Each structure stands twice: as C-alpha cells, then as structure tokens.
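In the two assemblies presented below, subunit A is common to both, partnered first by subunit B and then by subunit C.
Now for the complex of A and B:
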C-alpha cells in the first residue's frame, strides 16, 4: 500500500536516503514503533530513522554522515539482545545490519568461515554440518540472532562451558570506526598477533567502539559422539551441590544446565514441553561430547555424583530426536515465560559455582520480599545465573519492582565475588550495577578507552557505563531504566 | 511527532467504555493473546515476510507489537497499521516457532477486522472483493455457473500451468482416458451426488462421516473431492455431503470481513449439526472450521455450538491415519516430495500423516523437501492481493523443491495452484498432486487388478 508522500522531509533523512535508497529507510513515526526496543522491553524509545545498508561501503558512508553531522547512531542485528543494547536513547539513526546476511566463504582446510554481521548464528552450523563442522557459540537465541550481534555482546551459550564464548572463536574483524574509517584486524589464524589485542577489546564492546561489517570465525569439527542426560532433583540445593562436584571431579561437560521449578512450569506450558515430572524442584541437563570411547565413563562418573546428592531420576537421551527436544525445551525457556507471565526481566549474574546454594536462597528471598515470582534457568556449569523475574507491566508499580528485584539479584551475585553479566551485556539494563564491581576510577579508565575510538560519543550513547560523575555538570544520575513509558 | 500521535486519538474512532483504546469495541483483538508475547524474537527467521524485507514491522513480533500499540493508544488503525497487518501471509509459521505459543494468526485476523471496520474497501478493490467473497464463494450454485472465477483462472495463465502439470500419467487407464476428453473443469461432487443422501461404504461399515466439499475445491478440483470420497468409502466409511453446507469463510476472515465469516460459520455449523465427523481435504478450510469458536467470542450460545462443531473437524489424512486405512498393493513408480500446507502443518499440527500415506504406497520413492513447512506464497488469495511478495516467497520455496522429483504432493488447493505456477516459472517437470489422489489412484489400480483376476 502506498502512502502519500510527505512534503517536508527532514534534510538528514533525504541525505541518508541517498546513501541506501528509498526502499531501505524507515523514518515515519508509525513505522518506527517496531524499533522502540529489542529483547529488553522495559525501556522503549523511538529512533530518528532506521536504515538498511547492503554493504560495508554503505555502512561507512552512513557512519561518516552521522559523524560529520553529529547525529547519534547505533547498530542493530536481530534485536534479540536482553540488556537493551540496540534501544535508541537519543533518537539515534539505527543502522540495521540484517540485510548484510551472506556467508562469504568457508575455508575447511584452515577451519574458518567469513560471514557478514547479519548472518544468523545457527545458519552457519546448518550450512557446514554436512561436512562435519559446526560453529560453537550457541546462545539460546541462536535460531534468530546474528553473529554481528554476538560479537557486540560477546555472546555465550550452553556449550560455552567447554568451548568458550564468542571471543574465543573470532579470528578477524572488519570494522567501521565511529568516524567512518574502515579497518581490518586479525584475519590470519595466528595464535597471537603483535600489538594490543584489539579484537578482544572490540568483542563485547556492545557496539560502542565500532560497527563490525565482516567477521572471520573459527569453525570446529563436530564431536564424534555426544551423550545427554537429564537428572531430576527433589531439592535445588542438592542439585547445585552436584554441579559443583561434577566440575570439582575434573569432568568438563560440554554443557551443564539447570532449571528450577518455576522455570520448568514455564517450559512445560510452552510450545516445546518434554514432560518433566511436575513435582520436582530442579533438573540438570548435562551433555558430554568428544571421542566416543570415554563418553560412557564420563557419564557414569556424573551419575555417581548425582546419586551422591540424592538424584530422584536420571534419563539418558535415546536418540538425536530426543536430545533435540530437550535442547529446544531448554533453549526456548526465556520466551516460554510468556505462557505463564505477561512480562519478564532476565538477569545475568555470574558467581563462583561453590556459592550456588546460598545465592539461590538469596534470590528466593528477593522473590518473597518483592512478591514477584522468579524462575531460574542457568548455565550452572560456569556459574552463570539467569533469574527470570516475572511481572505484569500493566499493573502500576510492578515494572519498577521487577527492576529493583533484578538489581538485588545482581547485588547478591557481586557480593559473593561474582559479576553482573555473563553473556547478555550491560546495555541500558545493568549500567548502574556496574558500580557493584567497578570503582569510579575503573569506570573512568574504561571511558578513556571508549574516547579513543568514539570521542564524540555518537555511537551507542548512554550504554554500558553509568552516567558518571566525570564532569561536575552531569552529576545527576539519570534513572532512565525506571522511566518506563506508559 | 509520535508523542502527539500518542496523545491524540483519532476523533473519528468511537471510544466506548469497553474499547481497548484505539480499537473499535466490536470484535477487538484479544489482549490475552498478545500478553503471551515477551518480544523474544524467536519467530523472526520463521516469517517469510521478515526474511524478505528484514523489517521488524513485517515480522510476527513486530506485528504483535503494533497490535498492542494500538491498544495502548500509541497508534491508530490507519494505513501504517494496515500495511504490515495485511502483508502477513497468515501462514502461522510463527506460532510453531514461538516458545509461548502466541496465537499471532488469530491476532492478525482480529486486527484485519478492525482495519476493515475503520477503512472499508472502496472503489474497484471493494467491488471485486465483495463480488468474490460475498456474491460468489458462499453460493455453490453460482460457483458452478458463473464463469467469473474461471476467467480469472484462465487469464492469469494458471490454466495452462495446470494442464501441463496434469497428473494423468499415473492414473489408471480408464480414468486417464476420461481425463483426456474431460473439460478442464472437473465434475463437482455436489452435482454428481445431487440426489444421493448417503454414499455407501465398500465392505463392512466402520463409520459414517460428513464431508466438506468446499467452494473452490468442488468447482476447480472436483476430481480431488471424488478421490477423497473414494478413499473414504474404500476404507469402510459411509459419506454424506450435507446439502446446506457453504464456503468455510476462511477467505472472508483473512480479508477482515468477520461478519460474513460468522454468517457462513453459522450456516455450516447448522448444516453439520447431525454429523459425527466433518472431513476436510483442504488445509485452509479445515483450519478455518476448527477456528470457528474464535468468531463467537461475544456470543456464548454460538460459541458453544462452534466449539462442538470444531471438535468434529478433521483433515482427511489425519482421520485416515487415526482410524486406519488399507495399504495399497499396486505400485506407483514415482519420485515424490511433500509440501506442508501452512494451515495443515502450522495450523492443525498435521505433518506426519500425509507423509505416512505417501510412503505406504508401494513404488513411491519419497524425498523430503528442505524447509517443507515454509509457505509457498499462496496464502488464500494473497497471491492475487500481494503478487510481489507472493512471488518472492514462491522463489524461495522453489529453491527448496528437489529438482528431480516427478511429483509434488500437498493437501491444499491454494498451494496446488501456487506451486503449479512455481513449476512453470522454473521450467520444472514435476506434477502437482493432492496426497489423497495418489492413494486413490493406487486403490483404483488395486481394484483394476482385482477385477482382472476375478
């Protein structure tokens, strides 16, 4: 359906349209509503425009234009981020990279692949699995999230316990810097390159240092065998003690996941139920992989540990189909919360594994005190907790309560020597909580690094770091995460 | 600018007490449906229009977000809203992908109802729509006599395509011969069995079922209806074709004309009141019948009747698999792939049954199609209303169809026309067939063989 042309188009919009073409820009307010948030829905604001470049040159031209004209801008992938990294806070120009979605090349000999940033994570594995290869980082959103977004957030996933997070799989990047210059870093499979580890710095910088336009990733040979086990516990604490003991026993499972009762209620009400017993308190989803010989032994060792912690029932996946069903059940866990609650807020704390039981108790206390249900889905193996705070934004005051409960959860993690994010990033959501783990000076030092790349703070402004007391005149702390639009 | 939009509600929209902000009170989208969506985005890659455009407002979660935004008073029911809502293919792939089982299809249909209340179609589009949807489809007798649809069919080049893809080669000899001299329009079973109240079962009677003959199905694909009757009776089912039945109303509901949808629904509910089972061979119709209760949210009496009716509706492949069917002995030597009609796979959860039926036919070399449950772009009359998008979706589909198959089988007339276009467009040789036809042809060969022996 064609709409009447507006006569007065903002001159910036006209210039941006020249770069990408008329069909590749959205700027009418009604068209922008769908871009007012990403997977973090607590904060919503409209961008000035959304542009869809098709190649690096267009990205560079867009960035140059924004730089020259002092327009704030940010990059967006599939918009599945959970910390609000792609939400415009300052009427940004959103540079959506979803149209740059090619798999540029696969080099099996050197075990690497080159992708554009909009390429979907799981598609890479799907395109190379027939040759016996796969891409290891597997965030739960891997069905839809983009590798560019994964680089920005340094995404993790269930199998990162054994294989490491995104940064361990990036070999090279093409980056458009905030003033529009295109640089390439890394690229060759050298174990270490001279000079500073810029790739490490860029990966996980949450889109504040540059826009990645090409990514060289490591691909791995698919493991010869996999064994997957579900272990049901009548007591959360016993389940978490089993987690600690499995790792302490020197076993490195490919994945070691845990879900508690409320989380199980969610996934069983969702689209991919497994038929977990309704009265259990928690389950562990454990996977070991590698050379066939020895897997059996590892599983036995794991089962022994589970038994020592009074496991009620243990199931080993009998087929690949059963295994995929268990994983679909786990990986759609966040979205499935929709089946039992209108809204949820997911936190992303990290703690030393041995402190699991006490932190879980603390979270339970936070739930009781806030009157909000909290479901726990987590990468237990690496101590990465995901408390899911269930709330209803239509009830006045409940969003604020949920945010406070989230903060309290992160405080609990920080207090036992943990961290406030394991894989979802800081974004808008956790910037104030950065103070739980960094001093003012440490934050200042990091902002100095940002200034080297992004001196005018035009790229993804207002993310990652709390509004600091860096200049005396901006000393007010803006609690914008609580300023929910209604 | 948007802030103004947010504050100022369109004065032309009625704002009664029980309205959901900028929606009309009548038949507004169901809040409980969008409350399930937590905006996780797991639906994105399942959505054909998102894959094509890359734009959020053309994705399932984007559309749900817009539908919610109208209720929150941030957006009006205007063209900016209508565009994404009508670009949706209503293919339901998002519902399959959604972790929380959000009924996006239902929301879209409700939203379309709102759009048509706010912006009734005028001009030639309105006239054409009302001609087909109100004056033609609901009237079986007109469907058989009026040539309007046929002309469209011929002018669009579809007829040529279907002729080329004619599935005569595997038919038993006598049928193939008949086919050669038969006019393009197949005999409607409603006409054939005009004076028959009950089509008897072959052998021992297992059950009595009623069959929806459909509007387009019976006029353009009368032979498929005949095949369905044959397969049902061959397996011990007595078949009735209630005379009062009418068009299922799916196209009306898809187009936002819920009032006509309700009228047709009531007529069908009454027509099938005495039936124990309602057997359907068109995925789109079956899905629509099962969703009749959605149309009567504010009418408890009819809602109750609609629920009872919906519980009786079954796709023919599912019915046969559940109640058991004779495995044919004659061989059909063909390589065949299967395309999941959206309203079978995503709409009714029927995936395994048709595949099972195909693989039970001796001689069939079955090949699974990549992304078999991705929409072909037919989507009711979407290929007529949104030809560009439908074409792009079809291109994507054809890339996944194995090139070397002799037949592409499916369970929906709309898909059959669209896939036939695809086959022609790409110069393929595959024939387009309804799954039930293959089983029928195998049975007929069995009967022929038995006749020769006897």
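Now for the complex of A and C:
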C-alpha cells in the first residue's frame, strides 16, 4: 500500500526524501503555501519542495543532487527578508536551514562564537548577555530572523551606525558551493586570511553564491553605559538638520533614528504606543553608549543641538524599562502601519546624510502625486530611509501605484548619489532598480563573479540582477494583502 | 627617489617594470592598461613603493605603472563624513587634510608619510587601532577600478550603508593589485578623538604572562581601549628605552572617559609592572615613532631582513610572540615583534643569515598553522622569495580565487604572479 502511494510521487522527491528522511520534506501543495513568499509578499510562487537538512553533510548531499539533476534550488532561513530573496520563482527546491539552529561554541577570551545558520539572531545575545557580551547586528526582526539569513542579506539594524553591519562581524564561514563542495573561509577566525576576501563577497550575496552552513561571528562586550534621548520637532527639516549637527559635533551615536508624523500615527495605533504627542511632525530617537563617565557630556551636546533647531520637547530615558519601551515602539514600526492602512510597502533607500531635507521633500512630492500616504521611518544617522507606502490592494490599480511610488522613492535616493538598498537587499523587488546606480558593464562585472561560483545559475535564480530586458513579471500585481513584517 | 636608487631596489626586491610610467589622470591609466591588454604586456602596479618586497614571483614586468603622481582629494563631504581620494595620496597627506575638519580616516598603517592609500588598501594594511576602528574592509564604501582591459567599473557607492548587488569592494581590498588598478577610493570617516592617552605597561623578563592576563582582564572589563598591542623586549627598547615586554593600551574618547579608564589601569596594574601614561601630543608622538620602526623597502638595512605578518585568533598573538622569540634564540636571528591581543594580527622583523631567517619563517608558519592561523611574508628580497612561499599553502577553495582572477584579468595584465598561488 505504502509502496503504491510512493510510486505516484515525483522521483526527485523520493530521492530528496532519502537524503533528509520522510519527516523532513514537504511537497504537497497545501504544505507549501507558507513558503510561497518571504517578507516581500507582493509576489508569490510555490516551490517544488521544502527540505529541512539537519547538518552540513545533508545540505551538501541535497545541493549535489540538485546540481546533478539541474534542479533550481535556494536556501531559506526564517523568511523575514523584505526584498523577496527567498521566493521560489522557478519551482525551486527550498533548503530550509531552520533545523540547523545550534550555538556550537562561545570563546569569550577570543571574542567569538560559532553558530549554525538557523540560529536566531537575538538568541545569541540572550545566550551570552549574562557574561556581559552581545552580538551587535540588530535588525528589527532579530527576535525571529536567523544569522544565516543575516549573512545572506548583510543585515543591518538600528545600532549599525556605530558598530557596523553583519559583514563587519563575520570571522569565518563554512559554505556549500552550488555544486555541493563544502569549503571553509576564514579558518578558525584568524583575520585577513591570505587570498581574495570571499567572506566579504559572500556576505550580502543574497544566497546566490553558496549556502552558509556554519558561521563564526565576533561578539562584543556590552557598553558600560547607555543613554537614550527622545526629541520632538515641529518641523521635519529642523529635525533632520539636528541629525547632521549631532554628527558634525564629533559624536558617534550608537543609534540615531527618525520618524515622521504619519509613522508616529502608526506606532501610536500599534502594539507598543508610548504616548508621543499627536500633533508632532517628527521625533528623533538618539542613543549614545560607552564609558559612563563620558556619556553625560555627549548628552549635553545633543540637547544643545536639538535646542538650536527649536526642539519642542526633549527627554532622556529615566530607566531601562522606559528605554526598552521606546525601542519596542520603534522596532515594531513597520508592522504598526497595519493599524492605519490595509496594506503597505516598505522601501529601503540610502542617501548622503546631508541631503535628508531635500529627499524628504521629494518623497512628500511623490506622495502627493501618487495620492498615497507615505510614512517615513529611518536610520537617520546613516541616511538609510524606509519610506512606507500606504495603500489598499482592494482598490483597483492602487498596488501598482504603490510599487511605482516605491520605485520613485528609490530614484530620488539614487539621484542624490545614494543607493537603492541599505539593508533589505535587492532580491526580486529592486533588481530593475539596480540600473539606477550601476551601468550595464558594472552589472556584467558582478555577473562574471557569480559565474565563478554559480556557473549554471541553479542557486537562487532570477534574483539580484536585472534581466537584459525589463521583465514586467516582477512588478506583476497580486491582489493578496501585503503584510510586510518588520 | 632618483632613478639609480629605484633600479637598485628593484634589483633587490623584484616586481620591476622595464619601462616606467607615471600616469596623472584616470584616462592615462585606462589607456595604458588597454594597450597592455591588447599587446599582451605585463604590468607591475605601485604607488609609494614601500611594498616592493611584498609578494611576487616575477623579477620583471614589461611596465611599471606608478600611481605616485595620481594623488589628491576628489571630494570631501564633511557633513556626510565621507571622502573620495586618488590612490597616490599618502596616508599623512590625507590625515593632514582631514585634521582641519576634526576628522580622520581611522587607519594607522606603517610609514604614513610614504605609504599611499592605494597601496594600503591593495595590501590591506592596518595598525594597532584596528582593534577599535576595524581595517580597510570596514572603512571603504566605494571604489573606482580600472579593469585590466581598461574598462572603468565602480563598486559600492558613496553612502555609508549599501547592500545593492555584490559587495565587490571586498574583492579589491588586499588583492595586491591583481584585479586591476584602483583609481578612486571612497571611505567613511570618523571624528578625530577629543582626547587621547596611551598607557605603557611593562613587566620584567619572565613575567610576561602577567600581560596576557591583564589583556584578558581589560577585555572582560567594561573599558574600551583602542589598542592592546604587545611589544617584544627588543622593539620596546627601541621605542621606550626599556628592554621589557610592554603592553600598549590606548584610549580615545572625551577626556573624562579617558581619565576614568586610566584610573582603572592604575588600579589593575600587575605587581612588579611599570606603568607610564602618555597624554595627547606625547601619545601621538609615540605612535608616530611606532609607525616607522618596521622597515619598508626604502629603509636602508645593514643585515638581511624579513618582515612577517601573522593572523591568528586574538589571544594566540601572545603565544606566537613567545614562539618567535624562542625560534630567534635557537636560530641565531634577531627578532622584533608586536601584535594586537584584541585583533589577532602580529608582525615580526627577522634579521640574520639567510638560512636562519628561512628556518624561523618555517617554524613560525608551522606554529601559526597549528593554531588555525597563517604567516605571510610582507618583505623579503626577490631571490629569497623563490626559496620560501610568501603566502603559505593555498586554501582548499583556491580554485575560486583562480576563477576570479581569470574572470577579471584573463590575460594576466595586472601584477601577475604577485599573489597567493601565483595569481
């Protein structure tokens, strides 16, 4: 009976099952639905199967099988990516790494930890905080996103202004190459290994060059003190001028975040309201950390700068509890938009910090012209903007309008010498927009490098790079609710 | 440098072009490489010329492309804290320019008056302060590369946070010029420190373990030193006059924070240790002297000399250092060394007879590899580079590196055979 049933199954599925075991594979359409997209929900497609390897050997065997049989495949972590990097466009075999979720070792003396790719970002900090250590990159989804996914996307976070993004914290990688060979880069965490910096190249390659199966990361000692300031402005431009002046004063804040009026309306209607004044135009959330004795002086300077730009009210967090509430309010900002709009689309442009006022005006213009509200939540300190375009997918044509407005925001960033993505990646969402910042030749140069690793383009096909001619499929309008998570 | 001198240096260190070209514009660089590509010429690339003895299995190339005259600031956005410079700009010129704005490029490689930013990026040079500020890969946000066929390819951008496409910047940092000529470098800047000091902690011979324990304690405490550099007694003697293992603990922050950390150090000074604290100008002067203690290819040396770089786990630097001194005694060579206990890079100057130097290199390499680390030879005369491998054994994934070289420079125009495995 069982044999008869198995005979109906695709022979590839049978072979993949042999590698991972019957309990570790999904292939029935109803089981695959949750894998039809990631945090970018505008485009959806079903994979052929999802497999859950338990170790590097299984990943290598799966990859070898796909390579030998010319089956497209891709790796997936928690699926929180915001640009569609884990969406199966070609009926891929999805290699989910969520069952490889061990913390393999922590070496406090050498300040490093080794994790499997499915290990959740925040768990690392939680596991070492009792000894006073932490892992610096802190994307807003850190309570659920995996470090493997962070490596693929070169994830950032609010505190990367001072401490850098994922690539600055990776010391070694074990990688399964697209033909199934397992390699080690960076050895046991010795810096500057001789040879081209493949670790730097792989980090942020959006899963197109290899599948990371083990990661050695740098861990840091927690700062002695932290001070957090909330400053309310009646004018967005004055708020953004204050950002520039704080940096110009020689302060390196740990974080410097900004939200505008629409965003504030969202977070106040969301799960973690903190009572921001409803009539305020913008606020800055500023954090400095380091040796306690030096923080007071920096806070005084920050307050002075805010005063000089006519701040309405400014307060310093009185307790860790208050600080945590402010951060929860900020970090759940994207999701909170769901409270004020049926759908929203998040963008991820970067601009030179000093161009903030003019770009904000341009975004306002885009909002006016499209007739869609745009909320702005951003890492102001490093010029990384997250315009959130609010729309209603039930209204015919509005999804398309939202996508166009998003593209226009990225164009505005590119036009002032910025970039189309600071931390969310290109994925499928922004691959055409790559042309805003790179020439054909430059894109070709990157593809030449991809071909060295992934010559048959079976691994995460159709991501990151524009097609030779513009592909309208990518911007296909899907009527599903867009519920992008933070 | 006169022509006679550079001919002599090239005789000693190889990496020599029969013809010498000094482009002053990007167009000239493009033209030169395009011609090389078409005519099948081999080009040696340099700028300050301080690293001629670093890698390279060829004595001669057809041309030397010297970027020493292709220098200057292209764009400085003080408000954005970014700068774009041409490769021939020396580190000192760059820092002097930024000083006026209270800013700095947080890189402290050796020989700032001679070493150029192009060379420092290409060789991935760093100094003790990488502990706090990172190395070139953490600072470079964009590059313009003249590809070996003369095309101009931009990588990265001009903003401090950017994940669009592959992080191609990383490929060219430390690539020893084997993937093209870097014609512009954009970096992020930091504010110059408001106050700085340097604590020198030295211990009598035989008690160096105390410094290792002190470094562990410092790292486990909530203080934030910018250096944790250990000096061997011979190097310490040159810099401080005292022949003793010495730990350099640097602080950079607002004054009250620096003072607080100095207080911690005074309180935790190991028994029998001598503690001296240099402030501001004194500390800066010390670092200036430190930066010129390890010879480069322009330095006149009486004896045969090799300079080695080791990369290991952070605290293994300490063991590497003591191993080096033991090897020095058994092979009758003089060794001066320093290394960062918080960042894992250490450096060794070995002087003596040829065979003894090679034996020390091999011994130290074995010790490093046993700990999962490596040794590369940063400076050695050309005839000796044929006897001992500069880069150590090829990694298991060397074929990817070969593939990258072939993809970018299929005809081997740029610095052929300069890098690992002869790429």
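Observations, loosely collected:
The working rule: the second predicted complex is superposed on the first by the 456 of 486 C-alpha atoms of A that agree within 3 Å, B and C clash if a C-alpha of one lies under 4 Å from a C-alpha of the other, contacts with A are read in each partner's own complex, and residues count from 1 in each chain.
Rule of thumb we're sticking to: contacts are C-beta pairs under 8 Å (C-beta built on N, C-alpha and C of every residue); 3 or more make two chains touch, one makes a residue touch a chain.
As the structure is a computational prediction, the values presented were derived from the model and not from experiment.
Within the superposed three-chain model, A:183 lies in touch with subunit C and out of touch with subunit B [touch as defined at top].
Once the two complexes are overlaid on the shared chain, A:333 sits against subunit B while remaining clear of subunit C. In the superposition on chain A, contact of A:396 is made with neither subunit B nor subunit C. Within the superposed three-chain model, A:449 lies in touch with subunit C and out of touch with subunit B [touch as defined at top]. Touch criterion not met for A:11: it reaches neither subunit B nor subunit C.
By the document's definition of touching, neither partner reaches A:275: not subunit B, not subunit C.
Touching more residues of subunit A than its counterpart among subunit B and subunit C is C. Contacts of A:41 after superposition: subunit B is touched, whereas subunit C is not reached.
Taken together, the two structures place no residue of subunit A in contact with subunit B in one case and with subunit C in the other. Residues 107-112, 132, 153-154, 156, 160, 164-165, 167-168, 177, 183-185, 187-201, 203-205, 209, 221-224, 244, 247-248, 250-252, 290-294, 297-298, 350-354, 379, 382-384, 417-426, 430, 434, 437-439, 441-443, 445-446, 448-453, 464-465 of subunit A are the ones touching subunit C in the complex.
Against subunit B, in their complex, subunit A makes its touches with residues 1, 3, 26, 28-35, 37-39, 41, 46, 50, 52, 78-80, 96, 98-99, 101, 118, 120, 141, 143-145, 267, 270-272, 332-339, 341-344. Put simply, subunit B touches subunit A in their complex at residues 1-2, 5, 35-45, 54-57, 59, 62, 65-66, 69, 74-75, 78-83, 86, 96-102. Touching subunit A in their complex are the following residues of subunit C: 77-82, 102, 124, 126, 134-135, 137-138, 147, 151, 153-155, 157-171, 173-175, 179, 190-192, 194, 216, 219-224, 253-254, 256-257, 259-261, 309, 311-316, 342-345, 371-374, 376, 391-392, 394-398, 400-401, 403-404, 407-408, 419-421.
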